[in-house]
Amino acid sequence: MSWVLIAEQALNGLQFGLMLFLLAAGLTLVFGIMDMINLAHGSLYMLGAFLASTFVALTGSFTAGVLLAIPATAALGMVLEIVLLRKLYQRDHLSQVLATFALILILNEAVRLVWGSDAPLPMPSALSGPVELLPGLRYPAYRLLIIGAGLSIAILLYFLVAKTRIGMLVRAGASNREMALAMGVNIKRLFTLVFGAGAALCAVAGALLAPLLAVQVGMGENILILAFVVIVIGGIGSIRGALVGAVLVGVVDTIGRAFLPLAFGVFFQPRVASAAGPAIASVSIYLLMAVILYFRPQGLFPARG
Amino acid sequence: MKKNIFLLIVFLSFPLVMQAADNLFYVSFASRVMIYAIAATSLNLALGYGGMISFGHAAFVGAGAYAASICIVEGLTSAWLGWPAAMAAAAAAAWLIGAVSLRTRGVYFIMITLAFAQMAFYLVNSMKAYGGDEGLTLPQRASGLGNEVAFYYVVLLLLSLTLLLLHRLVNSRFGRVIVAIRENEARAEAVGLPVFRYRLACFVIAGAFAGLAGALLASHGKYVNPNVLHWSQSGELMIMVILGGVGRLWGGAIGAAVLLGLEHLITDYPIGWLERIAPNYQDHAGLGIGLVLLAIVLFAPQGLAGLADGRKRAAA
Amino acid sequence: MLRLEALSKRFGGVVATDGVSLEVAKGEVHALIGPNGAGKTTLIGQISGSLPPDSGRVVFLEKEITRDSLHERVRAGLARSYQITSLFRRFSALDNVALAVQARSGSSFSFWRPVAGETRLFDEAASILDEIGLSEKKSQTASTLAHGDQRALEVGLALATRPQLVLLDEPMAGMGPEESRRMIALIERIRTRVTILLVEHDMDAVFRLADRISVLVSGRILATGRPQEIRANAEVRRAYLGDEVAA
C-alpha cells in the first residue's frame, strides 16, 4: 500500500466529488428556492452527455462538442421548466415526485428513440496520457482536466453567488422565498434562470464524465441518488454544503471501495472479508449519510435557519 | 353489498373456470396481480393515509423476498415459517430506516428513503452467498404450493386479509391518529400525541405487509434477484397507488390491476395499426406509461378510485 | 403553578427573550401584554415547548420541563391554543375535539376496534363543544366554520386535553365585537376549572378578565401586577398603553 496508490485514489475521489458537486449545486438550488423535488435532474445530465456525443461527432473536436452541449442542454432545461415544471411548484411533494418520475421515463425513452441505447464519446487523444505530478506519482491528464474544470466552476459559482446581485437574489430566495417574493424579485424569471444554470452544470458533468463512464440511457438515475446523498449531507439550499458534501462523498466512496476490502482482509478471516468488505464499501457513503443525519437532521450547512 | 358478493363469486370461481379451459397462464397472472396489490396497498397505508412519501418501499418488498427465499434455500420450506419471517425481516428494515428517516421532513425524507433503498440494493447485490447480482433460484415454492390454483387461493386469502386489516386499521384509534398527523402534524403534537412514535409504527406495519408481498413474489416466480429492490420498483408501486387512488381502501389493488394489465396488453397483444405507424412501439412502453402518469398527476390526482367517486357523487 | 426563571433566547443578533422571570399562580387568569415585536410569541413558544430557550428554566407544577417535548408537556397538563388557527381542517368540529380527547385517554395503538364505537369519547367531545358554544355546528367541517367559531374550536382543542394550565395565544385575533364578547364569555366560563395565561392585544378583554397582568417590552418584563396598578404605571403607559386606556 504505497502512498502513490493512496494519492491516486484521493485524487480520483476529488475528481468524482467535483463532478458530483456540479449536479448537486443545481439540484440544491432548485430544492432550496423552488421547494421542488426534481427527479429528472439526472436526465439533464444524461441529455448533456448525449448531446455532447453528437456535437463532438459533428465538429470533430472534443472541446467544441462539449462547449456546444452546455447551452443546448441549458436551453432544453429552460424549455422544460417553462412548459411543465412551472406547473408543479405549487403542488404537493408527492405530485412533484410522480410527475418528475414520469419525466424520467419519458426522457429515457425519448433519448432511446433519437440516439439508441447508448452513444460513443471517446476520450480526446491529446489528453489520454498520464502526467507526472510528483516524482513517482503519475496521474491521467484527462482526470486532471476534470479536477481543474470542477475547481474553476466551483470558484466561479462562489463568486457569482457571493459577490453578484443575481447571486444575492438566489441566496435570498434559498433562505426565505416568501421574503424574496415580497421584495419584488421577478420570481418566474429567476426560477427559469436557476433551472437553466442547473441544467448547464449537469451538461458539463455529463460531457466530461462521458469518456470515463459510458454514455447510456439510464445513466442519470444512479448519479442522481448520489447527488441526493450529497445534498442531504450538505444541507438543502447551500452551495457550500453541496461542495463539502460532494467532495466528502466522492472521497469516502472512492477510498472506501479501494481500501475497505483490504482493511477487512487484515482484520478478519478471508471468508468474512471477501463477503463483507465489498458490501460495506459499496454502502459506506449511505452509512456516512445516516450518521450525519442522526446528529444533524438538516445537514451540515442548511441554508434555512 | 350485492356488488361485493358478486365480486367475491367472480374471484373465487375464476381459477376453476380457467383450469377447466386448460389455461393456467391467467391464473398465474392473476396471482401476480394480487401480490402486487398487497404491496401497493401496503404503500398506500404509509403514503396515502400516513402521508409519508417513501421512495424506498421496494426495499421492504425485497427484504421479505430475500428472507423467504433464504428460508427455502436453507431447507425451511414451510410458508408458516418463511412468510412470517419475511414480514419480520421487512418490519425490522422498516424500523431501522424509519427511525433515522422520520426525523426529517419534506424533500429530505423523500431523498433519504430513496438513498437507503439504494443502499439496500447494493448490499443485496454484493451478497455472493445468495446469488449476488445473478439472483437466487428457488427449488420450490413455500410449502410446495406448486399448484397454480392452490397458490391463487392462498394469495387471494392473504389479499383479502390485508384489505380487511387496512379497513379496520383506518377506522381504529390508530387510523384516526395517523390521518390527523397527516392533516396537521403540529396540532397533533400539540394535543399530546407523540407523533414520531405513531408515524414509525405506521411505517413499520406498511413495511411488514410489503415484506409479505415480497415473500409471495419470490415463491410465485421461484426466483429473486436484487432488481426487486431497485428504486424503479418503488416508482412502479407509487404509480399503482396514484393510479388507483391515494388514501382509498381499494387504491392499491385497483392500481396494481390496471398497471399490470396494461403492461401485459401492450407487450403481448400488439395493436396492428399502431405497429404500422410506430414499429417497435412495444419496446418503448415506458414512454406511454410516463405520459399516462404525467397526465394523471396533472389532471386526475385522485386516481381512478377518485374519478369513480366523483362520478358517483355527480350522479347522486 | 408555572414559573419562568430567567429565560433567554436570541436569534442571531436579535435578543427575543431577555432574562424573563414570571410566575403564574394557580387558578388565576394572568394576562401577558406588550407591543408587537416584544417577543410574546417567542416566549409562548418556550413555555409550550416548540422553541428551546438558550438559558433559563421553565418549571411547571414544581417539575422542570425546560427540555420536555411538546407532547410531553401536554401530558403533564400544559395546553395551548394558537394565534394562527391550527385545526384539523378536513375533520368535523366534533372529530377535532374527539381526537384531542382520544389523545388524552389512553394509548392509540389500537388497530382493530372502530373508534366510532367509543361512545364515551364522543360524549365527552360533545360536552366540550357544548361548553365552547359549537354544539349546533358539531358535524360541520372545520375549514367551513366562521372565523370566530374556529377560534373557539382552538380553545376547545386545548380544553379537551384536560389541562391544568392553558396558554391562550391571542384568542380574539381577528374578531369583531360580537365574537369577542362570546370569547370573553367562554373564558369566564372556563376560568373556574383551569389556570389561564392569556396573551392578548384586546385591552378591553384583558382588563375585564385578568387577575394579574405582566407587560413584556423588548423581551423583558417591564411590570407585573393587578390591572389597576398596571393601568396606573407610568412606565407602562409610556411604553405601551399610551392613549389606549381611558383614565
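Note that the chains are named A, B and C in the order they appear, and that numbering of residues resets to 1 at the start of each chain.
Methods note: a contact is a pair of C-beta atoms (placed from the backbone, for glycine too) under 8 Å apart; a residue touches a chain by one contact, two chains touch by 3 or more.
A quick note: this is a predicted structure, and the numbers were derived from the prediction, not measured.
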Far-end chain from chain B, centres as C-alpha averages: C
Of B-C and A-B, whichever chain pair has more C-beta contact pairs: A-B
Whole-Å gap separating chain A and chain C, where each centre is the average of the chain's CA atoms: 48
Centre distance in Å when chain B and chain C are each reduced to the mean of their C-alpha atoms: 44
Between chain B and chain A, distance of the C-alpha-averaged centres to the nearest whole Å: 31
Multi-chain contact sites of chain B, meaning residues that touch two or more partners: none
Where chain C touches two or more other chains, by residue: none
Where chain A touches two or more other chains, by residue: none
Residue ranges of chain A in contact with chain B within the complex: 31, 35, 37, 84, 87, 91, 93-95, 97-99, 101-106, 108-110, 112-113, 221, 225, 228-229, 231-232, 236, 275, 278-279, 282-283, 286-287, 289-290, 293-294, 297-299
Touching residues on chain C, where the partner in the complex is chain B: 48, 50, 69-71, 74-75, 79-80, 82, 86-91, 95, 99-100, 102-104, 107-116, 157, 160-161
In the complex with chain A, residue positions of chain B that touch it: 47, 53, 55, 100, 103-104, 106-108, 110-112, 114-116, 118-119, 122-123, 125-129, 231-232, 235, 238-239, 242, 246, 284, 286-287, 289-291, 293-294, 296-298, 301
Chain B residues touching chain C - in the complex, by the definition given at the top: 165, 168-169, 171-177, 180, 183-184, 186-195, 198, 201
